[in-house]
């Protein structure tokens, strides 16, 4: 994502759930001009993103509203190979009115249902625990919407904490979430979820999240912050060096509460 | 924010009031913050078999530390099932989730919630807020929605600027007409002044309990619409010593929600 | 299932995929009078069930046609909590005409789709590798439709190869398919999949399948066969003794090709 | 069942003909029996990267022994992914499955297949057959359906008693009108006498290859409808020594499909 901002791409579409930090990064670069959103400028207990809010309040980004489930079911429709799914959420609300969903009637019960249209992202970038060279990927812990997203997207890029052999994948086929025939590229990206957490691997860096939110409060400070952490570095590895390098990352590994017993 | 001289804070009072609503052997979808503290407290007191679901996919974990993100590892410790967001949403849609807690920037007399924007122009809002997230889904699909919210006239408004999450919409029968599951809807509102319920005939909010030391006039003055009081108006129970002890020592020892002692 | 036949229950409904041996057993007892079926009287390379055919050709069983996917999506609709799902199968065929599915139009694309109605079985009996006393169940290998079936059914009975502690379940939450809040009863039933196979545990008993098919050819022989293996025994364990007891079962364990590396 | 003096059987010829149709790096949903032998043979010859899916949920296994059930452990050895039936069906519905093989009791000139019943009364059929199983789904959703079937007048009929699985229904455009995915449909029919394809304009079956030693007259006499011959009628290639060796020694050493030597 940092590389996308460094290249100063413009006019990308964006759809996401509570992928708020992703939105923070992309919004920072002014990359986005339209999005399907469910929950974007909030970071739960960490607070709201001031820059993300400024962007949306300015009218520079065209948005459509969705609930988390509405958006997830849109990916699922695409993953199932059907043009829509009937659901019982969003009904009666303005969230529905400002979405592109349609009311339909159930042909069996006559009930009013909401039809949410399949959403096929052009590119999905999914970070996993391990995959092989062909892209057969295994995720530990909760998967949120990654499985459906991989099946819905036209192109899939898998970034992975580590590479393993195909034989290791084939020895535990029950753990595979994304098979190679869905994957277009594989990137070995240790700590790729940083500053977020990766269950069973490392916890999130709340100190760094705090710096982002603090810096965003003032546009000029934020400009200097971006220069330092994004435009000023050549790679994700250099960024990781800046935030404290292996010493800091080792701390985050030790603080991770989920222990592996798989 | 300490309540009238007693040894508890308003935040603690509200968390305990929320915990009391949760029954044993029921299911609840819980977000981070005070609702989670309430659910953890309920598990440690009267509802040891309360089943907690987190929106991102963790089901029935045994929580060792207060999670700060609904997808974080702390929500996943010793869970029964690690699934994904849609397993939670479909469990709700099948009618298996009893309780959910929501917040918002605005609430109206029918319990409709706004967490999307302040202003009248969708394209250029005065203030942009996070949007629905899972709030609309749980307000639509869970049996009982509990709202936790600060009590003032900017928040308690006659009509919300944007219905992010449905309450009773515009009154009796409106949820069913819209297609929402029969029997679901707002259950209680826990504010900084009182606990409100909803009249079963009119579907409008009414005060059921005043927090200790709060007057009817205070509530009326801080509400932007006509808010009646129940015939058998009660006082919100004060937290017990045991509850406070559990909350401070076990649920939130770092004071991330209830504040530092 | 044998116990259901022993009690000579009548007029049950039945829905199933390639659960052919289940159908063979229930049909043998004359238990069924209506079914939603996709593939029932065939045993793949093992041949067709003569008794099942006689029953259906006689008109004693009312049937509705479904494809395997059509039926599986009906369970999935129920599991998702919606009254139907739109699908792109069965269209244009007599399989569709003799089902209860309905044609609908996609509100977004205008495409013709088939709406398959949610199916909520009264009872689902699901055999698993391991579960705890509360019914938290883990299945290894492919799951066919078990996850959706457990979520669709009004009552769920889990039969299990072995009981494990809840802590063992909680140490590997990624392997859990059926959580306890869906389960009404747990039965410890080692070799419960016999004469079928259980991946990672034991292979199928092709010799015994052969005897069933042979016996079914002639109604009188079949009567004696049922007396011996079903009505004549008090329990599933006695049945297992009759087919060769532990010696035979140990053979089937050794012949199982999937080795555990989980 | 041995073909004219040569050292291969008709079953082996048909399996090899089926194997030739499968291209490398494509995907195929395969049932048990001859189609599986064909797919395994293709993997050992010209299509090492053919991806095999089994209907019950095993994806891309490395097959060590010939499976006899689509859900059996032998389909699951060293798989990439153990999933369920709907993962296979939805992969097909998304358009990711290139090939499937089907059989049936009857086939008509448009490639419609019957595996449900023989007779005219649905409630009291003369013969009840298994029904669709996954056949309808794969015939509906996969790009290329290959049918393997014995060639006689009871099976090659002008109209099937029951359309279990859709071919081109009643002609050009009918699949699309019915709502089936554009561009899918019957691809080849491999019978005991010949290999048939479908005319791209009329969607009707026509003979493309006669098996060695088979005459046009034999085909016509054993077909219950008018079956034209392609302008460039070919002879089905005989199995090579390598193919026979692989088939007999590695794919089916126990002779479960090709018979004992």
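Letters A, B, C and D mark the chains in the order given here, with residues in each chain numbered from 1 onward.
The rule we apply is simple: a contact is a pair of C-beta atoms (placed from the backbone, for glycine too) under 8 Å apart; a residue touches a chain by one contact, two chains touch by 3 or more.
Note that the structure is a prediction, hence the values are computed from the model and not measured.
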Legend entry - Where chain A and chain C overlap in contact partners, by chain label: B, D
Inset, instruction - Can you check how far apart chain A and chain D are, centre to centre, with Cα atoms defining each centre and the answer in Å? - result: 42
Legend entry - Intercentroid distance (Cα basis), chain B paired with chain A, Å: 27
Legend entry - Chain centre separation (chain B, chain D; CA means) in Å: 58
Legend entry - Multi-chain contact residues (two or more partners), chain C: 81-82, 87-88, 111, 113, 140-141, 171, 174
Legend entry - Residues of chain D touching at least two other chains: 58, 76, 82, 92-93, 141
Inset, instruction - By the touch definition up top, name every chain pair that qualifies. - result: A-B, A-C, A-D, B-C, C-D
Legend entry - Contact set on chain D toward chain A in their complex: 27, 51, 58-60, 62, 76, 78-82, 90, 92-96, 141
Legend entry - Residues of chain C touching chain B in the complex: 78-82, 136, 151, 167, 169-171, 173-174, 176, 179-181
Legend entry - Interface residues, chain C side, partner chain D - complex: 17-18, 37-42, 44-46, 48, 52-53, 56-59, 62, 65-70, 72-73, 76, 87-95, 98, 103, 111-114, 140-148, 197, 199-200, 203-204, 206, 256-258
Inset, instruction - Going by the contact rule at the top, pick out the chain A residues touching chain C in the complex. - result: 81-88, 102, 104, 106-109, 111, 113, 115, 117, 140-141, 171-172, 174-175, 261-262
Legend entry - For the chain B and chain A complex, residues of the former touching the latter: 31-33, 54-58, 64-65, 68-77, 82-86, 89, 92-93, 112, 116, 122-137, 140-141, 162-166, 169, 174-175, 177-181, 256
